[in-house]
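Chain lettering (A, B, C, D, E and F) follows the sequence in which the chains are written, and residue indices restart at 1 in each chain.
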Amino acid sequence: MWQWLYRLGSPKLFYDMTTGFLPWLTIVTYFLLIVGLVWGLGFVPPDYQMGDNFRIAYIHIPMSVGAMGIYAMMACMAAMHMIWNIKLADLVARSCAALGATYCALSLVTGSLWGKPTWGTYWIWDARLTSMLILLFVFIAIMALRSAYDSENSGSKAASVLTLVGVVNLPIIHYSVVWWNTLHQGDSILGVSSQSANPPEVWSPAFFVGLGLIGFFFQALIRRTRNEILLHERRSQWVQQLLTSKQLQE
Amino acid sequence: MHPARKQKLMIVLFILLGSMVTVGLILVAFNEGLNVFFTPTEVAEGKVEAGQNFRIGGMVKMGSVVKEGLEGTDIEFIATDTNKDVSVRYTGVLPDLFREGQGVVADGYLDENGVFQATQILAKHDENYMSAEVKSALDAGERKQAEAAMAAGQTP
Amino acid sequence: MNLSGSRQTLGTGASLAATLQRELLIILRSPGDIVNPLMFYVIAVSLFPLGGQADAEWLSGIAAGVIWVTALLAVMLSMESLFRSDYEDGSLEQLLLSPQPLYFHLLVKVLGHWLLTGLPLVLLTPVLAMMLALPGEAYWPLLLGLLLGTPTLNLIGAIGMALTVGLKRSGVLLAVLVLPLSIPVLVFGSGMVQTTLNGLPYTGLAAVLGALLVMTVSLAPLAIGAALRISVN
Amino acid sequence: MNLSGSRQTLGTGASLAATLQRELLIILRSPGDIVNPLMFYVIAVSLFPLGGQADAEWLSGIAAGVIWVTALLAVMLSMESLFRSDYEDGSLEQLLLSPQPLYFHLLVKVLGHWLLTGLPLVLLTPVLAMMLALPGEAYWPLLLGLLLGTPTLNLIGAIGMALTVGLKRSGVLLAVLVLPLSIPVLVFGSGMVQTTLNGLPYTGLAAVLGALLVMTVSLAPLAIGAALRISVN
Amino acid sequence: MLSASGLYCERDERVLFSRLDFDISAGRVLQIQGSNGSGKTTLLRILCGLNADYEGELRWEGKLINATVEHFRAGMFYLGHSPGINKALTPMQNLRWFCANRGFADDAAIIAALEEFGLSVYRDIPCFQMSAGQQRRVSLARLPLSGASLWILDEPFTALDRRAVADLEARIAEHASSGGAVILTTHHPLQLSCALEIINLDERGPQ
Amino acid sequence: MLSASGLYCERDERVLFSRLDFDISAGRVLQIQGSNGSGKTTLLRILCGLNADYEGELRWEGKLINATVEHFRAGMFYLGHSPGINKALTPMQNLRWFCANRGFADDAAIIAALEEFGLSVYRDIPCFQMSAGQQRRVSLARLPLSGASLWILDEPFTALDRRAVADLEARIAEHASSGGAVILTTHHPLQLSCALEIINLDERGPQ
């Protein structure tokens, strides 16, 4: 029944499929990022209260949502790895961890930089901020656990278990602003779906940057995963062939 | 029943029961309230006693901010949740976003006179972003509405 | 096979009781495993009056936080002995291969551990609270919070320990894995004391702690079991 | 014997440099030994605002104490990797039998350990101080204190580690041995911050910390050496 | 009872064995042979379900093993390199826990088993006070208690003196003749009074 | 070089050996024999100064050993059960540290020593990637580097394959013939081209 899943889980297939796709993704990503950032940082009129500071939103929000999304994706991969023993899923999860930690750290940094002018403090122990900090700790813990094992196989499995345990943090982050009266604002401002009065010229650059950062994540993810695949399958026939053909080209 | 099945069933039942109790307890907790700051209404209801450290959250009442002292660093204003008011006193530099009509969160305690002595003031920003032009346009619209309402003899 | 007449079939309950009894016997045989975490708790708490100011007002302000954080660290350090000897002498393999439900056995093992390390810690707390000049009305929420919270911490710690029992040096790593996940317990636990000091009822927070406890009790054994299977591999 | 022409006689200094180089190489090969204590430091410090109150005033009151106590714990947990692998692979025996002066070798080993675990910890401190809302004028005494204090703590921890390296489970026991001995460092170190906040000069206390450092630097190697000889026995 | 088909296992990028098929039924004794590091322990751990990193199919009484785990565990007993004996407890306490795990309590049977392995006097002495060979016997005393039909034994003769080895060999033959089955590894030349099948792993994996 | 008189050692209330006297001088090879647990390792560790729980007298070149520790350490090389090799480092790095400890730096000699023990290719590979036998060789490569006249070797043949054993035996004989001395334990029958003295500990301690 799960035959198709296993076939999709073939590292070779993944590698072949992404070979053609990757350059396009990269181009689109950079296009989106450049347009979005130039528009958002340069042309959108300043906010009537925060002035230019609010432009940090164009980085902060995608980074924050991205970090959470990456964790969710990593958790799905971990589940697939645990349940169906799909190696590719683990390779992807492994690539996710470092990227997620980076996004998470950037969310924290941009958030604090934004917090100083708006709230009057870089840091406050508010539920959302704290739970985001925990997310960063969890990302790092997962990487630390994986690298503590000598046996790669056990390390992957252990990291998967911890990833799944850490999932409880995600709803806490998201709903923290609902469950508690936090300083951090509630859901929904630049969101397209939002009912709020934000005009399109405010949220459309965010849309671009957001898509761009998602694209950036995926192209970085694919690159890292491809490296992992080559490393893992280095003794397999197809990688050997690939390497010799590369050498011939050079 | 087959013993292995029975074991599995026991585990599943246990987890189900656990989830139900968890959800139940969480509901109890929400009924009790978990807020990390108090609204002026709650303060007025006497939920906090004088001298206790707590956090208050509300809006800065329009026209209530008074700055004194040499550099205007002795500040007094009224925090409101439109229902009840609490006056707040603070000495220090305010965050840039501290504006009348905007959200504010303050740490501190109530003195004997029921004045909130703040040790830290944080500005809470709302969810709406707009450019200055849009804002003034909106404000103009509101003022017109208000004037119209006044003219009609209603209180705003 | 020599199944003599004295043979008595045991249900799951009796077999769990045997596991609990074994756990208690083993811990009682190595008193260091009980005493050392308690010593750590006392010493670490007494560091704060030394590291900060010593006036009663300042102390009572930090008491709840300090007690909770130190208890958390002590529980975590005490986890070191859970599963370690079982792993080394092969009993863990036997447990994993036992026809009895692993889920409940793990639960009982952690319960045994809590009874002999977590509970004494809770019982010791009033003395430390006194040293830190905690106001009288805060004793009950502190103790209740610890009673509800330490088993949760033990269960979370057991997940971490199960993940690291196969590694040689696990001390700091265990802390790095377990502390972030324990933060909610800490927040609500010490929140109970704080709300009481502010003159508010703490039932809501106690309910959250209870919810966390029930949730970990029902889910942690699954994670612990999976982690142990990986570790013995 | 094949003493070819390339042979170069080394003085004590050069041979110590080789020990230092080896120590650094080994720690750099297992980044977990560097990163995990730092992570522990960050996480444990953030436990306090969560466990206590979160307002800036309260935080800045406990900041110095919390940072010092947590740094102490982090240093202590980081000690776990010192001597452990040397003990297990027999390098420790080789060191004890080396014709070079053991005293200086041990000093250099601890120095290497401090450079890669203690120093990063000090460097990370300003970030944590900010999160705990420590007033600006207290940064220098805090950092200076930690710079003088962490090597002392490392040396004291090394004594404890040398005593327990032969035991299987040393975590909590190490803490129980080392924490009481580290109290003076803690008192004077956090005292430096407190005096500064009270507007007084901290030079006197810094001098005491310096004295403690020099004293442990000169005496601890003797104790470490003696303890190691007992442990390899 | 237990049948394997197409077992394949690699570790650290080295193939330990591949296309391994066998079928062990009541009354048979199977010895796994091979040099150090050839994968004997790994194979036994795969068979008993402690190691899941393999490819191929394992069946217990005709059903796929994963579909009938509880049954399989109740019918199988595994004794690995490490004895599974807590050193702080006495033999009695250790064995009581073992029996409880298998779902029964029977002190008389435990005492009989300890006697069979020459440990009557040591019944209530903590295991850490006993020599390696005696500890090994405590763990072997679980064989008659287990009530399992399939024994999987990894080097069960380690640390035993000559007499104990002979006794254990007799015990194994008896188990086979009374309808049980045994899979074991050992570096010592087995002397059984019953038929012995041998699988040599050195011939299985490409070196 | 090294002489012992009236050595006595007990451990856990059991006498391992008593009234042990011997004197080892240049050109001699001394083998300590005995069954498992008879105290061979303990004796070697006493000789090299790692274990101080003994009674009796040890002299190095006529002087009481405690009076001339630095001298003794410079002239002696001990290789114990554990190899003294850090697994995270490469053979070169391990041996450089060893040489620095002995007060010199000489990469050419290290390379020659590694070559002698068949490790040239593994020079810059971290030791944890090497098999047990190769790790053992790294630790043996210190023999020619040590510049010591007395070698104290505890089971130096462990984990070595047949050729390496023969090479090491030749090396030991060469060392003795060039004016060195060797004390060693081993369970394997030694084949040396020089004279061998034997002390059997099983005859020394009351069992």
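Here, a residue touches a chain if its C-beta (ideal position, glycine included) is under 8 Å from a C-beta of that chain, and two chains touch if they have at least 3 such contacts.
These figures come from a predicted structure and were not determined experimentally.
Touching chain E and chain F at once is no chain at all.
Traced through touching neighbours, the fewest hops from chain B to chain F number 2. The interface with the greater count of contacting C-beta pairs, when A-D is set against B-C, is B-C.
Mean C-alpha position of chain A lies 48 Å from that of chain E.
Chain A and chain B, compared by their mean Cα positions, are separated by 32 Å. Per-chain CA centroids place chain B at a distance of 67 Å from chain E. In chain E, 52-53, 70 are the positions where the chain touches two or more neighbouring chains simultaneously. In chain C, the residues that touch at least two other chains are 100, 173, 176, 179-180, 183, 187, 233.
In chain A, the residues that reach two or more other chains under the touch definition are 121, 124, 126, 130, 137, 140-141, 144, 148, 153. Within the complex formed with chain B, the residues of chain A that make contact are 44-50, 54, 57, 117-121, 124, 126-127, 179-183, 185-190, 194, 196-199, 202.
Taken in their complex, chain A has these residues touching chain D: 121-126, 130, 133, 137, 140-141, 144, 147-148.
Note for the complex: chain D touches chain C at residues 32-33, 36-37, 39-40, 43-44, 47-48, 50-53, 58, 61-62, 64-66, 68-69, 72-73, 77-78, 80-81, 84, 169, 171-173, 175-176, 179-180, 183, 186-187, 189-190, 194.
Chain C contributes residues 1-10, 14-15, 17-19, 21-22, 25-26, 29-30, 85-86, 88-91, 93-100, 229, 232-233 to its touches with chain E in the complex.
Across the complex, chain C is touched by residues 7, 10-11, 14-15, 17-19, 21-26, 28-34, 47-49, 52-54 of chain B.
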